[in-house]
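First chain A sits with chain B, and in the next complex the same chain sits with chain C.
And then the complex of A and B:
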């Protein structure tokens, strides 16, 4: 196992014991999904343009804010007992540190979505037909960029007193393109578009470009951010 | 070194020689800040800190490999066991896989190896923090109050671990209020007051009753 994997495994092991991150994320997501399920009129039907966009919007807004709860805790395991100093002094490349934190955040987001997507499908009566595979591809592309931005800004915010306030202030503007793309692509899927139709839309390219830019920026800038 | 209007360290000129140097001074004299600055965790607002001619910075991976640091807090992950903490840091420093077990034994922590670090008493946590700082076999060891909350037997274990670590080519700067414990085996001493060095020097003879700072004195 590489040092990156040891560090990511450490975060996951700690979460398995403390359940400080996933519990609030899942609790928030389940509550919001349940409340929003009552926001749509009973007569609304799957396949309707407006309904599909609203359903997709509900899902991604829930992922966005539940994710920010998790990202806000990225360095909390280091905050207790001054372990951040220990981590800052280990002879590990800072880009590897970024990747390890991003991997553990990605694991938390994947668990969140594994619970939220089926729950949303149930509550909102999604009709994806055979498009679940395409949805997973969209989710994967969104997650990479989301986690890269969240992890980078979590490191920046972690060193300030008002970190809970600063993280959403910094991350939300940066995340607008990725969540608009996620909304557009998911709404298309709910309207019955196939993978080929999705791939032909520019949103896919935007997601890929966003991922490349922010993963690279995270790996390159993490050193300066921690310094 | 300034924090806002507060001058934490002022006009510090210190050359750390081989061996163990005690850093003494009352609360608020700047001991912890000096250790953090030497580790590269805070950047001096003026002046520079060098190691073998190269500037010190925590951003430098090569520098981090040389340093073992334990601050006021233990620096351990409370939700990992003592053994998991040492193994993790041992792997990250690329140290000998047997090193964590050897340090557990040296610091009398074998019986607590499966205890979560967050559940240790203050004294045991201090010993585990010293073990963590030593796990990478650092060339420069920086410890802040390693004897805090320790009874005499535990303090003796820490002293033994430090003496075992001391080798040619290695240096330590150890801040403590417990000057008596450290003077018994330190090679040099520095006294800070209000962010300034008031006295520094090497002990004349380790076999004699030690009176510090025979060689140099900064008025």
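And then the complex of A and C:
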């Protein structure tokens, strides 16, 4: 028993000195709380609205976290096998490398959503009516921004200690606009709004702006991340 | 090898800046508490005076993060360490003032709105801002080696700042579409601020700005001294192995 305590004390002492785990954990917790605050409707609103909101919230929180776990592995193969230098020697522009990594991440997230969305619809009895097409448009716009930020920050976090904690800590606050837009649009769809009503609300504008800004930023800044 | 005598003394300009900052803070305090009149009870009466600290803190926070943004771009373009140091210093000070904003806001809100916190556009985007730069500092402390810290931090300094207007806009929209609970009155406009109040406000703004310049200069000096100490230690170690 004493030995066990000694070993535990050793771990705590290491953490006291390096502070690599606890502090990012607290930061991570704060960002998760922030995301969940958006996923919950206000206490004062009532009716169908609440259910649609919570359903949309659950769905997008799931996509967000599953996505970030996947993105965290963007450079895992290269890192583990020490092949990052070789990859950087491939005679392409760094922005092309960014796009290639983003595309593979996009493929992962699309497969994930293709499984998750119909399954959720089945399990939680979503009533989408004929709005599946509109949902696909929303998902596509969300995915582009999500993948752009996720890939850029994954490349960045891969070069740090505690990268599993740092990626969500950095990415979640940045993704708030995408998350809100996704939530609003999906909740509307679940409430039976058509594509025209959706487009009229202007959230597509925010999604497009976010996508353009962060795809550009990722392509331009990837060079600085992988030097 | 450099000795202690070679260390430059604290520049006189820094002390003068410090004196100016302290004097202007004192003057601002007098104006805020004795010249500005008590606000309407709907704005919290005496409590409204917290805005003379709250709003300038927010201004300094935005100023700091704008400096982080510009210094990060300059660092990526030139690779000069002084830009990285400037970005780091400004981010630390920006977090301190954002924290002040997040503390002084609820102190006022609790008695006046009846709640510590509201998921209102301004509050929420300030919280997002705070978390973004907390992440920035974590990244700085967790980067695997010294050479990469500056590059990676610069990327977050740029991306984080680009996100600020989008976050603010989206959160504002989100709230506007769900109006409920008490509405958030803008504390600085439309509340019948007269000349005494405006004088106190701008004096406070000036005092905070001078304080910021002083803090930033001190932080930059600490950074430069830290770099020198590190350099000297390396030189000493190199001399010993010879």
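Worth a mention:
Following the convention adopted for this analysis, the second predicted complex is superposed on the first by the 180 of 227 C-alpha atoms of A that agree within 3 Å, B and C clash if a C-alpha of one lies under 4 Å from a C-alpha of the other, contacts with A are read in each partner's own complex, and residues count from 1 in each chain.
The rule is short, and it goes like this: contacts are C-beta pairs under 8 Å (C-beta built on N, C-alpha and C of every residue); 3 or more make two chains touch, one makes a residue touch a chain.
Keep in mind the model is a prediction, meaning the values are calculated, not measured.
Contact with chain B, but none with chain C, is seen for A:14 once the two complexes are overlaid on the shared chain. Once chain A of one complex is fitted onto chain A of the other, the partner contacts of A:209 are limited to chain C, with no touch recorded for chain B.
Shared-chain residue A:77: touches chain B; no touch with chain C. Judged by the touch definition given at the top, the superposed model places A:3 against chain B, while chain C stays out of reach.
Legend: residue contacts after superposition of the two complexes on their common chain; A:227 is shown touching both chain B and chain C.
Among chain B and chain C, the chain that touches a larger number of residues in chain A is C.
When the two structures are aligned on the shared chain, A:142 is found in touch with neither chain B nor chain C. Within the superposed three-chain model, A:88 lies in touch with chain B and out of touch with chain C [touch as defined at top]. Overlap of the chain B and chain C interfaces on chain A comprises residues 227. On the chain C side of its complex with chain A, the touching residues are 76, 119, 124, 127-128, 131-132, 134-135, 138-139, 141-144, 148, 151-152, 154-156, 158-160, 162-163, 166-167, 169-171, 173-174, 177-178, 180-181. By the touch rule above, chain A contacts chain B in their complex via residues 3, 6-7, 10, 13-14, 17-18, 77-78, 80-83, 85-86, 88-94, 223, 226-227.
Contact residues on chain A toward chain C in their complex (touch as defined above): 19-20, 23-24, 27, 30-31, 34, 37-38, 41-42, 44-45, 149, 152, 156-157, 159-162, 166, 169-170, 172-174, 176-177, 180-181, 184, 201-203, 206, 209-210, 213-214, 217, 221, 224-225, 227.
Residues 36, 39-41, 57-59, 61-62, 64-65, 67, 69, 71-80, 84, 88-89, 91-94, 116-118, 125, 132, 136 of chain B are the ones that touch chain A when the two sit in their complex.
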